[in-house]
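Order as written gives the chain letters A, B, C and D; numbering starts at 1 within each chain.
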Amino acid sequence: MADSSWIPYLLCLIPLLPLAAAGVTALSNPSHRRLASGLTIGSLSIAFILALVLFIQVVGAGSGEGGEVFRRSFNFTWFEFGASSLRLGLLLDPLNAGMLVMVSFVGLLICIFSVGYMQEDANFARFFGFLALFSFAMLGLLVANSLLLLFICWELVGLASYLLIGFWYQKPAAVAASRKAFITTRIGDLGLFLGMIWLYSESGTLLFYDGGAGLLEASTLAHLTTTLTVGGMALSTATALLLFCGAAGKSGQFPLHVWLPDAMEGPTPVSALIHAATMVAAGVFLVARAFPLFAASTDPEVISTALQVVTWVGAVTAVFAACIAVAQTDIKRILAFSTISQLGYMMLALGLGGISAGMFHLIAHAFFKALLFLGAGSVIHGCHEVQDIRQMGGLRRKMPLTFAVYAVGMMALSGFPFLFSGFWSKEEILHLAQVWPVSSLPFYLALFGAFLTAFYMTRQMIYVFFGNYRGSHSPHESPRVMTVPLMLLASGAVLLSLIATPAWAWFHHFIQGGPTHFELAAIFEGWGLMLLSIVLVGSGVGIGWWLYGRRALTVVGADALEQKVPRLYQALAQRLYIDEFYEATVIRLQRLLAQVAEVLERRVWAGAVTLVAAVCRGVSCLSRSIDRNFFNRGFDQGCTSLRGSGGRVARWQNGDIQTYLGWVGSGVVLLLIFFAWL
Amino acid sequence: MLPTETHPQTQRNRPALNFAARRPWSTLALLIAAVLVVGAGVLFLLNLKAPGLLTGAVVAAMGDPGQAPLILKAGLLHYLETAWSCAPWMLELTSIFIVIGTLLSVFGVIFALTSLVERKMLARIQNRFGPNRAGPWGLFQPLADAIKMLTKEDIVPTGADKVLHLLAPITMLVPALLVLAILPYGPGMVPVELGVGILFFFALGATTEVGVFMAGWGSNNKYSLLGAMRSIAQMISYEIPLFLAALAVVMLSGSLSPDAIVSAQDGYVFSFVPHWFVFTPWGFAGFLLFFTAALAESNRSPFDLPEGESELVAGHMTEYSGFKYAVFFMAEYIGLFAICGFAVTLFLGGWHAPLPWLEWIPGYLWFFIKLYALVLLAIWVRGTVPRMRGDHLMGFAWKFMIPMGFAVILAAAVWHYAGGGVPGWLASAVIVLMPYLALGRVVAIQYPASRRVYRFSES
Amino acid sequence: MNSLFEIIAFLLIGSLTLGAAVAAVGLRDTVHCGLSLAVVFVGVAGLYLLLDAEFIGFIQLLVYVGAVAVLVMFVILITRPEDGVIQQPDRRRQKLPGALIAAGIFLVTYGAIMQSPSLRRDVPEPAALSIRAVGEALVSGHLLPLMAIGVLLTTALIGAALFAMEGEDGK
Amino acid sequence: MIGLPLFLILSTMLFSLGLFAVLTRRSAILLLIGVELMLAAANLNFIAFWRFGPNPAAMTGALFVLFSIAVAAAEAAVGLSLILVIYRHLRSTNPKEVNSLHG
């Protein structure tokens, strides 16, 4: 495996396989259900194996000497126009190798799960087609070495999410949700697009790594940081912020998070795959990929404003989403808000400079969030499409396997100590937040977020699994095809913690380069912080059990928390009226603009057009009348008079030579008179 | 003769000018007056232009008998001038009248004589005596005719054009008389010395046709009109050969005046053959041509188809009677005399004597002798040669006479430029003979000689 | 042109010609017109004699009186309608324009003559028109016209004959 | 004194008479007569000018008349024969009726 010439083939093969699967299922007969699912699962499994091979290759190559990270970039010219040409490229480095493995593995599991879940659905084949398309887009996004290729795949991912959210197009809610998701992500993408163009115009290239001339390489970065733009802001910061808009839109950060809860209208595997593990992670991946751009600043000590912005946005989103999650009653909505807050944590980690922390939290979160969603899915499947947690309860007896797996996911998410990956990743983030020089507020926000996470997860567990069944249906355990992926995910959530403990920070060094060595003692390095977080988690669980565990929950009655702080609860239930706020401002403005445009359209342009039409018609009938009256009649008049005079003259020529001679004679006389007497 | 029933419309609706019908004497007087006036007028005009004998009181050798008339005239004029001391123009007038008078009287006498002689000769030819009742040998016959003509009632057909009827005889007689004025009767005895005498002759010859037409048309008779048409056609077609023959002579003599032509024929060859043109080959042919054309011109003998007694009675003169007919008759004869006189001047050497030693006889006598010889010839021809058929008459003129005329001119030219020697003679003789031979052949082919077949009587 | 005779002669012949001309124009019976035309020609010939152009005068006599007048007579006879009298519609009205134009031309030329300088020139002595000179001029200087006239005459006459003859075969 | 003007006036009279004849007479032949009159008038003019002209030696006037007479004769011949044909065709010599080119 010495030479790396075969790497580019693998790199481009990984995305193309799912694309091929999508193509075939799209063209094939929708009734071939087995063909669609088989193809998709097959292509994803091969992609997973190839990803593993590449992962081993990257790990095998090691970090090389001097902490240099393994990086291979393969660029090719897409098309040429005039002197310049547009170049795209593929890239392999530890960051996307890990992601590739995670995405393909999780995707594979979800596909297997959805075979069971979507069994009764009529558009089975179409669902798998869309999944394959989504996988192609996500994998393509990961391997992209050029911002343009990334952007293309980014859009395709948005398209896939739109298609999958609106899969059950008969439900108007689903259609509205898909449209809302698509539009809000588009708003973010606009920022990304502007940033891309700006970068291209400034640096002349869109490739990340191009043998020194790439976007993220030192020379270009130096150029970008030195040039100042409006408001004295460094160019790199400005473009970074624009790219972050795109990331915020896609990952559902604070201003643009409204679409994620509504996206739950789609089928549960979709929510699991897209709105938990992969797509939402794309934003974080983008920030990680473009981290050098974000971090670029004139003097190394000062943390670039871009990173600060990312940090603040991340922290705020984490706390904000967690608060709302507390007051939700729909099982998938709670998980949606928890995803938003966890993404906030990832952005926070990246903002603080910890790429490996952020990435590790992302991968871990992918596993246990996918697990939770699929668990919820099997719960819903079991309760026959009931999603309201108040109508559930006591399911641990009816669905013991799902309960066990769901519990593992819950504990990983809320960060139970030591055993679960969630704890270690959160630990690292808190550690970074603690040492952040700028301000310590994000640290406290993070702590409060962790507490809230623990609280709403226990509330959900109690509502769903403890107490007695309050629903009308008879819940039943999901079939093995659904529970096996759950178990795999659960084991994944647990085993991942091994590679990121301070004792053996392998993942950290894998991502950020540097030698890795195993020493068990280092596990207690930041013990103070670990103790604090353990206390927080414990109190969260306790309060949760105290509020909900002790008395029988009722379907219609007020929530326990609601009884304590009813107005705050209602606000949180209504998602802090963000939607209404948007509705009131942006949408109304939009509608106003629409009306103005419509008025403008009908009054001004329509008027202008009709005016022009009227003028034309007027001119034409004017010319017609002129033509008819003036020319025709005049001409006819002329002809008749001519003919008349012609007739009169003709009468003179009557063949009588004597009259002729008479005229000649008189002519002669006149001439003679004229000349004689002249 | 029944009065011709005339179509009602043809009745002229204007007052008939018929004074002539009722008062014969007045018409007679009118006729004579008209003739005299017109003749005198024209002579005046001519005289003004070419003072000739009429006014010229030229007195050549007094004693020369040839000049007798001149001498007489001069003497008379001298007498008038001295005795009656008339004004010069008076003298001029009288001299003109003297000449006119002599001319008229001489030709009047000849006319009378000829009418008798013609009838006598014809009779002799037809083996009978001819008029011998009126006077010895019928000498007073002309007088008798004259009296008859005068006393006869002058009948004018109804519906006839009175004016034309009256004018016709005048327009026939006047040109005939006028032509006499230019004939050179003797040396220096040319009444009017005209440079274009020949042309004058032909011009007046042409005017007779108008007279014939008037006669034909004025008598309101289809046959007379038809006769007039025929005679006019004949006269016109024979005028051309006449002209051609004269042309040959004019060409050689180099001048149109008769006097010059006569003087060109002076002198003798081989001391006894006179220089007359007739003794030259082309001259002889030309003379023959001229003489036959002359007969045709004056509607006589073989060519008198229109007036032939057996054809249209008197042709255009049928409706005439009395003195008008006499005038016509006179016009015809004087026309004959004139044309013969012309032939004499052109071909027979005018007043030159045929033989040198006969020159003592005065020139004018020679002129009249030759003239009368031709007249007798004409009468002789009339008696012997049968009348020609209408189309033959015309054909003969156009198909033979005119080509012959051209041949004569050609022969004359050859003769002239060949210098009159023997070769010239031979060449012109040949050229002249050619047409005759051709005519001979044509006639032989078209009308082969064959025994006469009597269809109604057994042979 | 000054002797008494010539004046008298001129007056006589002039009046004769004019009278004949008026007759030719005015008379009703075409035959009379034809004859008066002949008289006019004779009159004109006389005028030529007065103008010392005997040769031309006699040519005129020969050609016009001899041939043309007779020809006119012939045609008049042939084309007379059977009823003999030519219907003359009321001619008074139509005559007016013709008369006016003729009078106009006469007056105009009369005026021109009166104004022209020819009045004042003296009368040159009569130059005899010698036939020889005319002949030579014809043959030498004017040979071409002579030939042309020859050709013209032949063609014209042949044509005229053809026209007349055509009638023969009853077409 | 018989001078040039008198002759010219005489010829003009003749000419206008001829023109009058041509313009008013109803028979084709009389038209021809009119034309002949006019021609005679013209010839008279020529001879008059020749006689009273400055250069009687030059024979042009006389010659001109000679040719004119010849041409007039030819013209008369043709004209008359035409009239003959027309008469034979149209049975009338009234120029008013001879006004169409066909037939």
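Basically, a contact is a pair of C-beta atoms (placed from the backbone, for glycine too) under 8 Å apart; a residue touches a chain by one contact, two chains touch by 3 or more.
Being a predicted model, the structure only gives us computed values, none of them experimental.
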| note | In contact with chain A as well as chain D, sorted by label, we have C
| request: Using the touch rule from the top, work out which pair, B-C or C-D, shares more C-beta pairs. | output: C-D
| query | For chain A and chain B, what's the span in angstrom between their mean Cα positions? | reply | 150
| Just curious, how far off is chain C from chain B if you go by their C-alpha centres, in Å? | 27
| field | Cα-centroid distance, chain C relative to chain D, in whole angstrom | value | 6
| Centre-to-centre distance between chain D and chain B (centres being mean Cα positions), rounded to whole Å | 32
| query | Which residues of chain D are in contact with two or more other chains? | reply | 19, 22-24
| message | Where in chain B do residues touch at least two different other chains? | response | none
| field | Two or more partner chains touched - positions in chain C | value | 6, 50, 52, 55, 59, 67, 74, 97-98, 101-102, 105, 109
| Got a list of which chains touch which? | A-C, A-D, B-C, C-D
| field | Partner chain B, residues of chain C touching it in the complex | value | 3-6, 9, 12-13, 29, 31-32, 35, 38, 42, 45-46, 49-50, 52, 54-55, 58-59, 61-62, 65-67, 69-70, 73-74, 77, 83-85, 128, 130-132
| query | Quick one: in the complex, what on chain C touches chain A? | reply | 97-98, 101-102, 104-105, 108-109, 111-112, 115
| query | Contact residues on chain B for chain C in the complex? | reply | 7, 9-10, 41, 44-46, 48-50, 89, 161, 163-164, 167, 194-196, 199-200, 202-207, 209-210, 213-214, 217, 225, 229, 232, 236, 239, 254-256
| field | Sites on chain C touched by chain D in the complex | value | 1-2, 6-7, 10, 14, 17-18, 21-22, 24-25, 30, 33-34, 37, 40-41, 44, 47-48, 50-53, 55-56, 59-60, 63-64, 67-68, 71-72, 74-76, 78-79, 81, 86, 88-89, 91, 94-95, 97-99, 101-103, 105-106, 109-110, 113-114, 118-119, 121, 123-124, 126-127, 129, 133-134, 137-138, 142, 145, 149, 152-153, 156-157, 159-161, 163-164, 166-167
| Parts of chain A lying in touch with chain D, wherever the complex brings them together | 654-658, 661-662, 665
